[in-house]
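Think of it as A, B and C in the order they're written, each chain with its own count starting at 1.
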Amino acid sequence: MWIILLAILLYAEICVGATLVYWCATNPDEIELAKRLVKEWNHSHSETTIKLQPVPAGASSEEVLLAAIVAKTNPDIYSNMLPAMLNKFVKADTLLRLDGLKNFAKETEARIGATILKDYRSPDGHYHQWPWKLNPVMLVYNIDLFQKLNIKPPRTYDEFWTAAKKLTADTDGDGRVDRWAMSPSMTVMWWQRLYDFLPFYMAATNGRSLLNQGRADFNNVSAIAVMDFFQRGFARGYFPKSGTVSNLFAQQKVGMTIVGPWALKMFERSMAQKFNFKTIPIPVPDGHHGPAYTFGDPKSFVVFKNTQHPEAAWEFVKFMTSKKADKLLLDITGQIPVRKGLINDSYYKEVFVRRKNLIPFASQVPFTKPGDNSEHIVEILDFLGQQYEASAVYGTIPANKAIENAANHVEHIYKNW
Amino acid sequence: MQGLELKNLEKHYSGNDQPTIRRFSAKFEPGEFVVLVGPSGCGKSTLLRMIAGLVPVSNGAINLDGKDITNVESNLRNISMVFQNYALFPHMNVYENLAFGMRIRKEATQTIEKTVTEAAKILHLQDLLDKKPGALSGGQRQRVALGRAFVRKPKVILFDEPLSNLDARLRIEMRQEILKFHEQCGAISIYVTHDQHEAMTMADRMIILNQGVACQTGTPEEVYNNPVDQFVAGFVGSIPMNFIHGRGILNEGRSFFQVGSYKIDLSHIGKDYQLDWSKNSGGLTLGVRPEDIYLDEHYSHAVAPSPKMAAQVKMVEYLGDSTIVHLEGDIGSFKSRFNKDLRVRKSQKLDFVFDLKKLHLFTEEGNKLPC
Amino acid sequence: MQSEQSHSKAGILFTSPYLIHLVVFFLYPVGFSLYLVFHRWDLMTDPEYVGLRNFTYLMSDHLFWQALTNTLYFLVIHIPLQIIVALALAIVLAKPLKGRVFFRATFFLPVVISGAAVTILWQRLYSTEVGLINYVLSLVGIDAVPWLTDPGIAMPAIAIMATWKNLGLYVVFFLAGILAIPQTVYEAAKMEGASSWHEFRYITLPLLKPTMFLVVVMSTLGGFNLFIEPYVMTGGGPLGSTMSVVLYMYKQAFSFQHMGYAATLGFALALIIMVCVFIQKKYLDSERYY
């Protein structure tokens, strides 16, 4: 009896066609976007059904994904892959090579362009990710406050300190400073360095990487200058040394903050009092030439090698990054699609007209870098974080010593692991 | 005045409706061994603990050798207590247990050693001094507890069921030890027990306590032979007194106790009861101790026999030195104690008589009628 | 013959739930970690045999030694604090107070609340600017204390929190120990003239020795497993001052995917705990009286 039932079920399965599991990020905006697109796909593609699921809860999506791969419960498609983390998965041979798939070159040319794509190439020369979106990390400042205090938006460290000096104040006269320049993170979580040290380092070096062929490539004056920048900020009291997690920028307790475009909506939602803000590139050391690069905070689509339907998955990835889907991404989440000529494309114009504050981020895209793609990146950034904490936050070691320690540790890691 | 005097002692635990001890008065002479008995929960321990100073007194006074010690700290009263569970300090050896109080009081080492050695000698603890209580037998532990009381040279020693954790044989042995110990101490001993034998054999004087009230005080013989009321009569004695419920009647100017078809002439009991039985509806209880019941024809001439009555044997308990026979007849169920040589069988029918000289009469309220 | 065989079959059948449990939840994990000690494994690729390299790395890994020092520092604060506070409370709660059932339950509450929830609560309490603790201190004129952001204060702060969290459990242990001591022993002592201090010093304390040993061993085990508090509150900082061995192990395993090294750390920790408990047993264990 049950054999017959099983047979019927199997048959039904075959008739219905392929089912692919897709994991998206867990923030509400991205879930909404994914829901809309998946619904549309399932409506028009009867042969392949997509099952949407936000990444299950865990300490970080990377850890959840790893656990899933080990347990063989990973999805077919995942859209929240950090390119910096990719190599680990490539080395373990868990990801599908995309450049062997139908029309890969053509699709690339149409959406991304060869120059940008190069940044996403795996060390073996192949492509295992499909660049999806960027969140260029930039400096957002409170225009109203700046105007009131007559401060110029800072482009260099010098200008930054001038601004910082004016911003840092005791506004209610109780003898305690209650407004600061900005509030960089004090914690050692490895990914925090992607939003403080790394963007400043990229800005100071025209987008240089931390690593070069398995060696530390950051034991230089620029890195020391960046570390020194943060050390000064904390030491002079321009950055608060508090453990608070509350959003000081929205409360106007700091005049500047370093974020990607995804944060703008959040600011608007959590402002106690409305104020205007503006986005500019990350400040650079005095005498710097050229544009201010920054960390792009990219996320890519990947397809797992153990999928039963690679071609269908690839079709879905293309669907999710189509012209139309990219527009929805921009509109719903405020994140920037990795699409060449986006800002000048008339198709997207109406979004930028409605959401002007996305323009600076979109304009920054050509000057972004995806970060180093190393299987040791977490450990490297973790150790860098400890040095950042010691040098910048607590000032117990000089900036050059911190950079030297971190660089030595990179050697140590590559030697031992 | 020498000795211990309790004046109208009262104890009312907060939260209880009824006082636990009511207007308890008594005097204790030096060297006296007084046994306190009473049913469970009647307040014996409470009384001892008030004397010891472990529970505050609600009302009344305690005088020791003429000094009011009602509110004196327990350790300053010159009173020792021996507990049922010995209350030894389990982590200290026998020596340390005996020396504990003196050490607390910071007495000189030589004094301590001398006193402990003396106590150990009296209580045969010399070989056990470095053992911990856990390694001792029950009797040995009890001797350590006695020793701890002894070294204080108290004026009063309070015993709260000290032997009830021991087996029967050891208990009998320890009785003698305690009495000897009592003599050596020369203190007033107040001794609580549930064991009738213990009470009767050890006591100079007994106090029977019921619901916080002292019912009777007297030597064991007095209490046994002349209980003041039905409660005492029923309480004292290892096999309780039989109570037979009947009626008092007046017939031709003479009083009779009537139960079923039997009539017992009360004039033989020793007093001629010229009572108006109709006044208290005539209810009357006859008390007779098991040993005062005889089989027809087996009684000696010292006995004043009642009319012959019939009963059937329900159960026989052979004790060796005597035999307890449970009987049932027209007068109800009762127990009798017979000579060990007597052979009776279950279901056997027999005739028996009471010794009229040993009967007790109680009103319906449990008050004793004079005999 | 026949029946003997069916007997042994039945025996296996009856013991199988336990055997399966033993194998699945104990032998297999322990065996597998022992295997991992000699391997490197990133979860995804096959484990690679490395001999004793994990051990040699451990020996020279100053981050591990710092974590171990931190953990020992935590224990040195936590255990005495735990014992003193729990014992004091147990003594108070052993007295016939009004509402003591309520208090006993209240102190036990944090024990059953999830560690993460408690930790998040305390993170708020400890907040330098907006925390309740600093607010209360400010009322009596004490300056804000950077509880979790000062490298010298963070670990003691965590020890205080851990003490609070486990307090109920140890109060229950001590309470059980105290209530097992017959009241008459205290009365006997009182009649000998013992003061409250004497009673505590010469009776309660020595008779609680077995409980004390239990509490010391349990809080040592718990203390070496310090994890959720620094994980949630400080991430091991500031300046690595709250990086515990287990948190470091967690980081090696799940942040860096150094499974073999994490297993090595686990074995090292187990060994250290064993040595500690052995020493404690030698100096603290005693006979039980009740």
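By our rule, contacts are C-beta pairs under 8 Å (C-beta built on N, C-alpha and C of every residue); 3 or more make two chains touch, one makes a residue touch a chain.
Bear in mind that the values here come from a model prediction, so they are computed numbers and not experimental data.
K.L.:
Among line, ring, star, complete and other, which best matches the way these chains touch?
P.N.:
Contact pattern: an open line, chains touching in sequence.
K.L.:
If you take the mean of the Cα atoms for each chain, which one ends up farthest from subunit A?
P.N.:
So the farthest one, by centre of C-alpha atoms, is B.
K.L.:
When the C-alpha atoms of subunit B and subunit C are each averaged to a single point, how far apart are the two points in Å?
P.N.:
Comparing mean C-alpha positions, subunit C is 56 Å from subunit B.
K.L.:
Report the inter-chain centroid distance for subunit A and subunit B in whole angstrom, where each centroid is the mean of the CA atoms.
P.N.:
Those two chain centres are 91 Å apart.
K.L.:
If you average the Cα atoms of subunit A and of subunit C to get two centres, how far apart are those centres in Å?
P.N.:
The computed centroid separation for subunit A versus subunit C comes out at 38 Å.
K.L.:
Listing for subunit A: what residues touch at least two other chains?
P.N.:
Within subunit A, no residue contacts more than one other chain.
K.L.:
Which residues, counting only subunit A, touch subunit C once they are in their complex?
P.N.:
Result: residues 59, 63, 66-67, 69-70, 88-89, 91-94, 186-190, 241-244, 246, 375-376, 378-379, 382, 386, 389-390, 393-394, 396, 416-417 of subunit A touch subunit C.
K.L.:
Going by the contact rule at the top, pick out the subunit C residues touching subunit A in the complex.
P.N.:
40, 42-45, 57, 123, 126-130, 146, 148-149, 151, 235-240, 251, 254-258
K.L.:
Okay, in this complex, where on subunit B does subunit C touch?
P.N.:
Touch residues, subunit B against subunit C: 49, 52-54, 73-76, 79-81, 83-85, 87-91, 100-101, 104-105, 134, 148, 152.
K.L.:
Which part of subunit C faces subunit B closely enough to touch in the complex?
P.N.:
Its residues touching subunit B are 182, 184-185, 187-194, 198, 202-203, 206-207, 209, 287, 289-290.
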